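Next come two complexes built around chain A: one with chain B, the other with chain C.
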Partner chain A sequence: MSWGCRGLTVRYGATVGCEDVTFEVAAGTVAAVVGGDGAGKTSLLRALAGTARPAAGAVRRPDERRLGYVSAGPGVWADLTVDENLRFAGRAYGLDAAELDRRIGELLERTGLASARDRLAGRLSGGMRQKLAMAMAVAHEPDLLILDEPTTGVDPVSRAELWRLLAAAAAGGAAVVVATTYLDEAERAATVLVLDRGRELLAGTPDELLAATPGLVVEGTDRPRGVPSWRRGARWRAWSPDGSIPAGSTPATLDLEDTVIIAQLAQDERRRGAA
Partner chain B sequence: MRPRFTGGPPRRSPGPPRFTGGPLASAEGVTKQFGELVVVDGVDLTVAAGEVVGLIGANGAGKTTLIRMLLGLLAPTAGRVRLFGEPPSRRTRSRLGYMPQSLGLYKDLTVAENLAFSAAAYGSTDARLEGELAEVRDTLVRDLPLGLRRRAAFAIALAHLPDLLVLDEPTSGVDPLQRARLWETIRASAEHGAGVLVTTHHLREAEQCDRLVVLAAGRVVAAGSLAEIVGDTAAAEVRTSSWEAAFTALDRAGLPVSLVGRTLRVPAADPTAVHQLLAAAGVPAEVTQVPASFEETFVVLAA
Partner chain C sequence: MWAMAMKEFRQMRRDRRTLAMMILLPVLLLVVFGYAASFDVDRVRTVVVGPGAEAVAAALPERLDVVRVAPGEGREQAVEALRDAEAAVAVVTADAGQPQVLVDGADLFSARSVVTELRGRPGLPTPEVLFNPGLETSAIMVPGLMGVVLVFVGTVATALGVVRERQSGTLEQLAVMPFKARDVLAGKLLPYLGVAFVDLVVIVAIGVLLFDVPFNGSPLVFALGALLFLFVTVGIGVLISTVSETQGQAIQLAIMTMLPQILLSGLIFPLQAMAAGVRWIGYLLPLTYFVQVARGVMVRGASFEALLLPLGMLAVLGAVVFGLSIARFRRDLAPSGRHREHGPAGQDRDAAAPTRAGAR
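Right, the complex of A and B next:
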C-alpha cells in the first residue's frame, strides 16, 4: 500500500505553496521531504493530511482515522498535562479505554516522558514537546504518519529519540513522511524529495540522487577558479560540471549535501539563462 | 536623524585600539549556580583570533548561560571571564557581534533602518548593503523570507566589524545552498581575523568549525577537533533482509538503534552482543563494527 500525490498544486490566494508535485511513500518506509523555508514542504504535507485543498492534482491518503499528523509548531495542548494530551488524542482517534491505557503506558515509556506524565505540556522543553506531539500522532498506530519538521530547533539527543520513534512506526508498517531542512536526516530515509520554491528539485533514493549528480565534486584549501564553489569548514568544495579537475584541487567524496547544492546551482544557472 | 550609507569599503569603527595577543574570549573555571541548581560547572573555554569554535550541547547543557556570561550579561558564581583581556563591559561590548537565535531584528523596521539603528548603537558610520540585501533595503523585515532575514541579521551583526562574533544557531531553517553561503561569510570573518563562537544543533555543521567544545550537564565532556572527539568511538552496523524485525528487537532491548536507509546502527554497542540479541530474536543479520559519526559520538557523550 502506498500514499502520495500526483501533479499536486496548492495555492493560498495568489501565492503558490507548491506546484505540480508528485510524491509517493510506501507502507513500512520513511520518505523525507527536504527544503528550506518557503520551499513548499508544509503545503505538500498539509495536502497529504487533508488540511489544505489542492488547486490541482490528486491526493491518495487513508481515512482520516488512519492518519497521524504533526504540524510545524507546538502541536500539543499547552494547558493539558502530558497524560491528558495523550488521552485526548487517543479518544479523538476512537481508542477504547483499555487500549488507550496500554498505548499510553507504552508511549510514555518509549518517549522517556513517563516522569513528566503530570506536567503541563506548556512547561516541557522543545524536544520533549515534539516527542509528545509525535506520541499523540502515533497513539492509534496510523497507516500514514506525517511529520512537519519535527526536529527543527530540537537538540541532538532529542532528535535521535524522535528518529527512533518514527523508524519504529515504519518498522510497525506505517508509511512515514518527514519534512526536514537537514540532509543528514534525509540520508537516513528510503526516498527523498527535494523541493525548491514550490517545485521538485530532486527525487529518488539517496543512492540514486548521488549517482545522478552530473560532473565531479572537488575540494582544496583555496577557492578553485572558474567553477561554482562553496565552503566546508576551513576548506573549499567545488563543482566541475565537465568532470575536469581544477588546479589545486582533488576529487572529493560526494554526499547528499553536495548533490542538493549542485542541483540548486544548476537551477540558478538555468534561471539566469532564461532571464 | 538617519545615518546615511555612502558605500565604499567599510572602515573599522572608532573606539579603543584593536586588542592584540591572547585569546579574544576566555572562561576559566566558570560556574553558574541558580540557588541549588548548578547550570554551568567549572567550564574552561577560549576563542582565539581567526578560529571558529563550535559550542555543542543538548538543551539544558548550559550553552546559553555560558554565552550570557561571556557576553557580560550574567555574572559567574565562580571563575573568571575575560573579553579582549579584560572583564566584560560596555567597552568590550562594542567589539562584539552577537546574533541570537531569534535574529534580534526589529520586524517593523526596514532592513536599512535596522542597519542604521545598529550602526548608531555601535557608533560605526560606514556600513552598506550588498547584492540581494541592497534590493530589499526598504522592505520591512517582517516581509522578508527567512533566508534573507538571516542574511540581513548577519550583515547587521558584522557591520561594525566586530573582533568576536557570537552566533546562536546561525543557519537554522535555511536550505543547503543558503547555509553554505552563510558559512562562507562566517569563514571570511575568521580569515579577516575575527574569532567566532557558534552554537548549533545541526551536528553536520560541526564540520565547519576548527574546534569543538561539547557541554553536557554544565560540564565540558569533550573538546578538540571533530576527529579528536570521535576518536575511536565505534558503532555496530546491522545489515539484514528484515530491518523491521531487527529494529523492533533492538529497540525493545532498549538499545539506541537508528535506521539509515535499510541499515541499522547502534552507537557504542558490541557487535557480538548485538548479533546474539538478534539471533535470539530469530533475525538473521550481519553485524560489523564501523567508526561512529559525530552525532553518534555526541549522543554517547551526552548520556
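Right, the complex of A and C next:
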C-alpha cells in the first residue's frame, strides 16, 4: 500500500504553498521531504494530513483513524501530563482501556519518558516534547505517519533517538513521511523529495540523486574562481559542470548536500537563461 | 528613547485591533453615553382598571403613558399586568374612594420617578410599591450582574480556551484526529458551561443570602433563561476565537462585545430612558433579554408565559450565533472535509477542489 499525492497544488490566497508536486511513500519505508524555509514542505504535509485543502491535484491517504501526525508545533497539550497526553491521543483513536495501558507503558519505555510520566508536557525539554508528540502519533500504530520537522531545534542525542523511533514505526509497517531541513537525515530515508519555492527540485532514492548529479564536485582550501562554490567547514567546495578540476582543488566525495546545492544552482541558471 | 518610541509606534500602527480600541472605542462610548446615559424615565407604561377607568385614565399626568384601559378588571389583574411587565404602573379605580396606584418596584427608575411625582402631592393616592417595596438598587442590579458574570465566563473564558489551542498548535493536531467538529466543540464547551452554571448558583445564593435579593419565581424558568443566554455568550466566544490568532486579540474583541452589553442592555440605564437612535442596539443584545428574564423571575415572580418573548429572543440569538460559530469552527478544523472522496475501504482521497483560500 502506498500513499501520496499527484499534481498537488496548495494555495493560501495569492500565495502558492506548493505547486504540481507528485510524491509517493510506500508502507514500511521512510520518505524525506527536504527544503529550506518556504520551500513548501509544510504545505505538502498538511495536504497529506488533510488540514490544507488542495487547489489542484489529488491526495491519497488512509482514513483519519489510521493516520498519525506530528505538526511543526509540536501539538502536545502543555497543561496535561505526559500520561494524560498519551491517554487522550489513545482514546481519540479508539484504543480501549486495557490496550491503552499496555501501549502507554510500551511507548514510555521506548521514548525514555517513563520517569517523566507525571510531568506536565509544558515542563519537558524540546527533545522530550518531540518524543511525546511522536509517541502520541504512533500510539494507534497508524498506516501513514507524517512528521513536520520533528528534529528542528532538538539536541543531537534526541535527534538520533527520534530517528530510531520513526525507523521503528516504518519497520512496523507504517509509511513514514518526514519533513526535514537536515540533509544528513534525508540520506537515511528510502526516498527523498527536494522542494524549492514550492516546486519539485529533485526526487528519488539518495543513491539515484547522487548518481544523477551532473558535473563534478571539487574541494580545496581556497575559494576557486570562475565556478560556483560554497563553504564546507574550513574548506571550499565547488561545482564544475564540465568536469574540469580548477587549480588548487581535488575531486570531493559527493553527498546529498552537494547534490541539492548543485540542483539549485542549475535551476537558478535555467531561470536566468529563461529571463 | 526616540528609537524606542519609533519602534513602539510602528508596532502600534500594525496592531489594528488595539488602534481601533484606542481611537474608536472612546468616541463610540462618548456618543453612546451621551444618548444612553440617562436615568430619567419620561414615559411610564400604565394600565388603568376598574369602574370609571376611562375617566381616570384621561386625568392622569402626561408622564403616565396609558397602554390599556380595562374597566372590567380589578386589582388581581392589575398586579398580574405588573408581574408580566406589561406596565410599570397600574391604577385600580373603585366606585368609592381614591384609586390605588400600584408601582412595579422591579422597574426601579420608572418606579422612583412615579413615586417622587405622586408623593407629597395633596389629594393624590400614595403609591404602593410591589415586588421591591424598598426600591432597593441591589434587588435590580444583582440579577443583571449575574448576566455580566455569565457573559464573562461564556464569552471571554470560551474564546481564550479555543484560541489557546490555536496558539499552541494543538488545534491542528485536533484537526487530524478522528473527531467531528461538533465533538471537539461540544467537548471543549461542556466544562465551561458546567462552571458557568456553578457560578450562577453561587451568585444567586450570595445575592439572596447576602443582599436579600428576592427569588419569587420559578427556578426552572430562570435556569432555562440562563442556559439559553449561555448558548449565546458561548457562541460569541467561539466566534471570537475563529477570528483571533492570539489570546490578546481574543480578549480585546471580547471586551468590545461586553461593553455595549453592559451599557445598552438596560442593566444600568433603563432602556426607556435611552434615545430611540441608541435603544434599538439594546434590542439586539443578548444581555438585554437575560436581564428581563432574571429580574422578571427573581423580583416579580413572572411566569414562563410572561417571559416567552425574552426567552424566545435568546433562543433565536443562540441559534444564529451558535450556528455561525460552528460553521466557522468546522472550517478551521476540517478544511478538506467537504472535498473528500471515498476510495476503497480505508482509503480516502481529496479531489482537486475549487480554487479557494486554504489557510486562515
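The definition used in the following text is that the second predicted complex is superposed on the first by the 275 of 275 C-alpha atoms of A that agree within 3 Å, B and C clash if a C-alpha of one lies under 4 Å from a C-alpha of the other, contacts with A are read in each partner's own complex, and residues count from 1 in each chain.
The rule we apply is simple: contacts are C-beta pairs under 8 Å (C-beta built on N, C-alpha and C of every residue); 3 or more make two chains touch, one makes a residue touch a chain.
What you see is a predicted model; the values in this text were computed from it and never measured.
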Quick check on the superposition: with chain A as the shared anchor, is it clash or fit for chain B versus chain C?
fit
Which superposed partner A:Gly127 touches (first chain B, second chain C, both, neither):
first
Where does A:Ala39 make contact in the superposed view: on chain B (first), on chain C (second), on both, or on neither?
first
Under the stated touch criterion, which partner chain does A:Gly28 make contact with: chain B (first), chain C (second), both, or neither?
first
Could you give the angle made at the Cα centre of chain A by the lines to the Cα centres of chain B and chain C, to the nearest 10°?
100
Quick one: classify A:Arg271 as touching chain B (first), chain C (second), both or neither.
neither
Which of chain B and chain C A:Trp230 touches, first, second, both or neither:
first
Is A:Ala47 contacted by the first partner chain B, the second partner chain C, both or neither?
second
Look at A:Ala171 in the shared chain and tell me whether it touches chain B only, chain C only, both, or neither; answer first, second, both or neither.
first
Could you tell me how near the closest CA atoms of chain B and chain C get once both structures are overlaid on the shared chain, in Å?
5
Partner chain A, residues of chain B touching it in the complex
56-61, 101, 145-147, 169, 172-178, 180-181, 183-184, 187, 201-204, 207-210, 243-245, 247-248, 251, 256-262, 295, 298-299, 302-303
Listed in rising order, the residues of chain A that touch chain C in the complex are 10-13, 17, 46-47, 49-67, 69, 71-78, 89, 92-94, 143
How about chain A: which of its residues touch chain B in the complex?
28, 30, 35-39, 125-127, 152-160, 163-164, 167-168, 170-173, 181-184, 187-190, 196, 205-207, 230-234, 257, 260-261, 264-265
Note which residues of chain C are touching chain A in the complex, please.
168-170, 172-179, 334-337, 339-340, 343, 346-353, 355-359
